[in-house]
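The letters A, B, C, D and E name the chains in turn, as written, and every chain counts its residues from 1.
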Amino acid sequence: MTTMTDPPQVEGFRIGQLINDTRYRSYTFQFIALVCLILGFSWLAYNASQNDQLQSNGFSYEFLYNPAGYDINQQPIPYTSQDTHLRATIIGAINTIIVAFLACVTATIFGVIAGVLRLSNNWIISKLMSVYVEMFRNIPVLIWIIIIFTVAANTFPPISEFRLPRDGSDPERGLLFGMFAATNQGVFVPRLVFADLGWIVAATFLASIAGVFGWKAHAKRKLYGEGKEVPVLGPSLAILLVPTIVVYFILGMPVSLENPEMGRFRFEGGFLLRPSLIALWFALSIYTGAFIAENVRAGILAISKGQSEAAAALGLRPGRIMSLVVLPQALRVIIPPLISQYLNITKNTSLAIAVGYMDLTGTLGGITLNQTGRALECILLLMLFYLTFSLAISAIMNVYNNSVKLKER
Amino acid sequence: DGHSGSTLATVQERGSLNCGVTTGVPGFAEPDSDGVWQGFDVAVCRAVAAGVLGDPTAVTFVPTTGKTRFTALASGEIDMLARNTTWTFSRDTDLKFDFVGVNYYDGQGFMVPADLGVSSATELDGATVCIQTGTTTELNLADFFRVNGMSYEPVPIETGAEAVQQYLAGACDVYTTDRSALAAQRAGFEDPDGSVILPEVVSKEPLGPLVRHGDSEWGDIVRWTLNALITAEELGVTKGNVEEMAAAPGDNPEINRLLGTEGELGAMIGLEADWAKNAIAAVGNYGEVFDTNIGESTAIGLARGLNAQYTDGGLIYSPPFR
Amino acid sequence: MSDTHAQSVAFVRKTEIPASPPPMAETGALKWVRENLFSGPFNTIMTLLGLLVIFYLLSGLIPWIVNGTWEGSNIQECRAILQGNGGGCFAVIADRWPQLLFGFQYPDYLRWRPTLAFLLLFAAVPPALFVMYLPRWTLIATAVYPFVAYWLIWGGTVLSPVLTAASLLAGYLVFQKVERRGFVLGLAAGIATAFVALTISGFITSAASGVLALELVESRAMGGFMLNMILGTVCVSLSIPLGILLALGRQSKLPIVKGFCVVFIEFVRGVPLITLLFVANVVLAYFLPPNANFDLIIRVIIMITMFSAAYIAEVIRGGLAALPKGQYEAADSLGLDYPQAMRLIILPQALKISIPGIVNVAVGLFKDTTLVSIISMFDLVGMIRGPILSSTQWVGVYWELWAAACVLFFIVCYGISQYSQWLERQLRTDHR
Amino acid sequence: MAMADTNPAQSQMKVSDEVAITITGMNKWYGQFHVLRDIDLTVQRGERIVICGPSGSGKSTLIRCINALEEHQQGSIVVDGVPLSSDLKNIDKIRSEVGMCFQHFNLFPHLTILENCTLAPIWVRKTPKKEAEETAMYFLEKVKIPDQANKYPGQLSGGQQQRVAIARSLCMKPRIMLFDEPTSALDPEMIKEVLDTMIQLAEEGMTMLCVTHEMGFARQVANRVIFMDAGQIVEQNAPEPFFTNPQNDRTKLFLSQILGH
Amino acid sequence: MAMADTNPAQSQMKVSDEVAITITGMNKWYGQFHVLRDIDLTVQRGERIVICGPSGSGKSTLIRCINALEEHQQGSIVVDGVPLSSDLKNIDKIRSEVGMCFQHFNLFPHLTILENCTLAPIWVRKTPKKEAEETAMYFLEKVKIPDQANKYPGQLSGGQQQRVAIARSLCMKPRIMLFDEPTSALDPEMIKEVLDTMIQLAEEGMTMLCVTHEMGFARQVANRVIFMDAGQIVEQNAPEPFFTNPQNDRTKLFLSQILGH
């Protein structure tokens, strides 16, 4: 019943095909788009070329190798004002990463606690958590940062109360446990000082941490292999602490705490958490925590009640239901938005500039830019840093997402 | 090319002068409670506007921070910058600006609470220092402490207001910025005597208005407007008597040239003959500007010091109008 | 009725058992309290902790609010009135309220204009948001609003907004006429018409700048919460169409268009807003025509719009992806071309799905407008950080000012997000 | 190939000699996957063809190629004398000749039933709105749901929705209708409503290609049944001989499965 | 009333005299709503009970109370001699005696079929993994899907998923199985697979309580059919007399509806 017909004739090219033919049409549109793009960019470039300020200054990153000339308070790597702008920039980048990392950790903790508690059937707690979440979600983070910075400066006890009065009497306030002092110039905490053999203690401690994981794996093997349940909590604690303590004393206490000591103006020694770091860290974590709380809540709610009921019907206890059934599933829902919250934290660290925390926007985008006047170069570099950071994190997120995707038909 | 060489024309066409100032330093540039800008730097802007446009209120004040001021000027957003900006070599050359003169000789100083018991900056080893960033202060500070072999904890703060707030709260022991600003801000304290300004002056800070490189005509206008104010003080021309002196030219040729009743000075810089008269009439002479905004009779209470006329042992000196 | 023994005996109910109320322990406030507050030792501890927190918060807050004073014109007077009773010095808010709202440069005798514009917002926004409940003609209010608001806030001759609106309308009408011959042609004709009309009306306005003129207020004079509102509304409304275009571009099969959109979106989403504001502040001026007088507020609007457009594009892309493929195919098989299918079938549905997401972006953006304070613009935060806190009258009054800022932002943001949740509920039951 | 007129309904339906669709040597790939292999098919005007075959055999793909919803890579498809090429004008012409019904109806949920039906006539055919609405009401009456005209699709049952979908296609006055498993997403009670509508359409002489496993329908209205497997046309015949005496083994196996259950 | 052994399968299934479940005077409220009223029910070991009744009559609730998934407020439930109280130990004991299958399978989507089946034996019964896997494979073979053991639930059809759910319960070696409408979410072809599995289970003498409307299944395997309405047991009887000669009016009405269609 089928009849063969000749294939349609090959036609010559007509101008009309540029618009009407699906094969050429896309080239036409792309060509137009490209032309528009090029026109747009050349317009910008033309304007820039008309600006003699820009012309005469040129575009160069030479300035990065000149001495910076300014001091930075929080120095994760050694730095003096004679070092280059490049080194100042690197310090800024490290400081950005430090505060971003700290804030991610605490924001997760706040968020998970608030998210879980918001689902609690305790009315007061769940309402309190709702208030927390709504409060922080609906007020700009910049305001929170500034408020917390102000709180730190105005409500922590002034450092003058810790100073030794010149008449030789006791200061108004002393160190807490002889180690800690929360002052309006920052929180002073002791620092670990490693003597010669100190690294052995540290290594032992790290090994113990590995040991704890080993014990967990062992417990699981035991359960899977022989059906024996091995206690985990007690032995873990023992593994964690006992060897380290023993080694510590055997080696004659090579690790010591360096407590802050009051100097002429402030505590010397020890470790200082600066108000700017505290404000930024705390504000970002509590603000982002509110968002994470919502993600966590949504993640847990997304796991249908049927799942926990089925697990309960199999005889699993609530703790196990959580760890074996609900959490593994909820995490798949929670982690992608969680990572984008981490990205937000990283980007929001740039608000450090409001409290004078010396992150990348404070060094490269702040003082370096001011001193050198190289606005274009500095801001380009600044954006490049954040962009690389963000893209790297999203790449990791994509890999993760693909690896945990539920298998479907 | 773009906008150099024609700033005057642009300003005249626009009918107003875009003048970059600080975001708020009492006495130097600060909006009053009605939102009208007042201050020592502001007066320079008004004088230029009066000279160029005949109207001291034809100024659009653009508040700038340490970071934005240079780009604002370079990009043409503002026509001149009168924002206590230190005249330095690199700013003049590398950044391609022209400083047209000095309207205030300043120096960086330190302020500490009186009860800290410090009487010299050399006793500040280990102190926490609040710095208002975006100026040369960080660099001077770093140099000072390095030279004296002392350590310190810098606390960079974006705005003067916040720096003061931190200082008053005790979050830093020392507040450093130009001594003029220190004095100005201390005047606003609840207890001004609770703080002392230390005697050390750690830097030379000649502050002055600046314009873009490349438009010398415009640079001349601003330069000579400033000089007109200075000369006016030297010659005794005041806001009060300038109209009179212009209406009835006396026999001092320099005054006559200044006020445009003699010679063609105005035309040489492309302005009306009475431009300087207008400027002086608008804001008064240099001394009056100083006294009304930051002088000893104001809350700021700065003495003339270096900023007295050279005839009184200061550094304020205008080239002759001739 | 225990006669249900196994298979031998059948059971048939003859009388109904009436429903009875549950035992006492199962109802009432007591049960509620027991179940919700004290259902176990852990829960009890949590309840007590919660009460403690509440007590602590209230014991700080209540005296501060109750004992606070609204009198006094500077901090000293305020302190004298309070006499250290722990109350707040709300006088600063009373004193600086207009500045908090309008900045310090907006002429005080003209403040009625932005206020009126703000009130009109309540007439203009609902038609756009409640499209499905209000008659369509109310959308006119939304369409007219931008021009009215512009005129009210910035002033100048009434001709400029009227003629601009007329030009755009003319462009739209031409577009509608020509569209029958092809969308692209229609678009080109529409844009060309609008462009020509705008140029002409530009001449007319500058020639007759006095017609029905309100006093001109410069962009620089915008400040306070008004600036946040202006930036928020303008940027969100501009970024929605831009976001739609970007989302469509990102879905497009044309590699160049798609590539550009992807790069743009990912770039903008990868950098902090503050760096874009720096660009607006210190770099962008180099790339715009000299003397074109793009003042800071316009440059900031450009950057914030680009920023939120990228985020909105992602939200809309989600909406597009959520549409079943069948909708695209049905549109194709009916013979609708791409622009028709998008306008009539795909976008109406995709946008509806995206509304909650867009509202989230809008709230986030509105909060982010406070960042302009960092580049020395005097929005609400900038006003507080700068002129108010540095003024000699009010140095040292932070809590009251920040509290006021929090309250203002909270009201607006919470209101918007509550609305969006309500909308979500409506949409879920819509048309069922 | 014998054409047995076993059904009273069939006797009324005439098949003209005019050719409606000619498919020659058509091949299609999805990436590396060869979905349609050397398809040759000629459909006369007025013919009613049922296509069946196991899942994944390419039935939907074939139907969708005719409507240019999918591109084919080799061979030619000529619909009503218009060759299907990459020329947009031809595609538009063909789409306005060919109506299509999907398994999942694909009504536009944000438009009322009436708007669903008038949308394409107004925007594609540029029919005045009034006229389009009249046509729409006419076809809605034909599928027996004129009273639902102002409801939204979400408010209708599946069977009603599928009938609206048919009416929507008819409003474009197509000369050929394609159906892709129009009843498979429906509950059993609703299947009948839709099949009745389709039978009615067939009686009016519409050229129809229908992918379906409703063998009753095939028996009642089809002129020809085509069996596809693995992207090829394996067997085609008039319904009676096809069902009672399938030739190919694959066909036999398939028929035993679907008729058996 | 006589037990008519109409079915060959039934004759093999023995009912012992031992009592498996005793429910006495059980009442349950949801808030103010009285959902179960004075339920009395005794189930012998080896009995197969089908529960039916209109939607909302409390069938699911009854089943779920037996497994302590819901709390009851009055009356007692004793399962295998263990009284159901709020004592966690008793609940654990009862749950390990009683298996349960849900309407929506509730397989764990993040675990493979095999892991689904071994999870509870390993963590609750502390069976070594190897042994648990052997048991699991045994039951998976029983429900005829041993070859799917390493797939994920999402990759299986509904019928297969429900059979996995049954196997998963069986792996805990329960003495009683509860089914809550195990087939109502399934496509018709798949219902049979699942029912076959359940019949096989019944033949092996498992005590079963099954909420279902599959009357064929009830006829074939049930010893007793219970009809519930408005939270009460309205009628119970052996299947034959229950279906052929219902006594209560509500039962009659209900049966006429579901058997009619």
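Keep this in mind: a contact is a pair of C-beta atoms (placed from the backbone, for glycine too) under 8 Å apart; a residue touches a chain by one contact, two chains touch by 3 or more.
Not measured: the values here are computed from a predicted model.
Enquirer: Give me the set of chains touching chain B intersected with the set touching chain D.
Expert: Shared contacts of chain B and chain D: A, C.
Enquirer: How short can a chain-to-chain path be from chain D to chain E, counted in steps between touching chains?
Expert: So the least number of steps between the two chains is 2.
Enquirer: Which chain is the middle one, judged by CA centres?
Expert: Minimum centroid-to-centroid distance belongs to C.
Enquirer: Among the chains, which one keeps its Cα centre farthest from the Cα centre of chain E?
Expert: Taking each chain's C-alpha mean as its centre, the farthest from chain E is B.
Enquirer: Report the inter-chain centroid distance for chain C and chain E in whole angstrom, where each centroid is the mean of the CA atoms.
Expert: That gives a centre separation of 53 Å.
Enquirer: Taking the mean of the C-alpha atoms as each chain's centre, how many Å separate chain B from chain C?
Expert: 41
Enquirer: Counting in whole Å, what is the centre-to-centre distance of chain C and chain D, each centre being its mean C-alpha position?
Expert: About 48 Å, centre to centre.
Enquirer: For chain B, jot down the residues that touch at least 2 other chains.
Expert: If we look for residues of chain B contacting two or more partner chains, we find 2, 67, 71, 74-76, 158, 165.
Enquirer: For chain A, which residues are shared contacts with two or more other chains?
Expert: 19, 50-51, 53-54, 150, 154, 353-354, 369, 375, in rising order.
Enquirer: Note the residues in chain C that touch 2 or more other chains, in rising order.
Expert: In chain C, 278, 282-283, 286, 290, 374, 385, 398 touch at least two other chains.
Enquirer: Which pairs of chains touch each other in this structure?
Expert: Pairwise, the chains that meet the contact rule are A-B, A-C, A-D, A-E, B-C, C-D, C-E.
Enquirer: Considering the complex alone, what residue numbers of chain C touch chain D?
Expert: For this pair, the touching residues of chain C are 180, 324, 326-327, 329-330, 332-337, 340, 344-345, 348-349, 352, 431-432.
Enquirer: Within the complex, which stretch of chain E touches chain C?
Expert: So the residues of chain E touching chain C come out as 1, 3, 15, 24, 27, 29, 31-34, 37-38, 40-42, 44, 47, 73-74, 223-224, 230-238, 241-242, 247-248.
Enquirer: What residues of chain A sit close enough to touch chain C in their complex?
Expert: Interface residues on chain A, with respect to chain C: 19, 26, 29-30, 33-34, 37, 44-45, 47-48, 50-51, 53-54, 117, 120-125, 128, 134-135, 137-143, 146-147, 150, 154, 347-348, 350-351, 353-354, 361, 365, 369, 375-376, 379, 382-383, 386-387, 389-391.
Enquirer: For a test of understanding, state which residues of chain D touch chain A in their complex under the given definition.
Expert: Counting only chain D, the residues touching chain A are 1, 19, 22, 24-25, 40-42, 75-76, 78, 83, 85-89, 91, 224, 236.
Enquirer: Would you tell me which residues of chain C are touching chain B in their complex?
Expert: Interface residues on the chain C side: 75-76, 103-108, 218, 220, 278, 281-283, 285-286, 290-291, 295-296, 374-376, 378, 385-387, 389-392, 395-396, 398.
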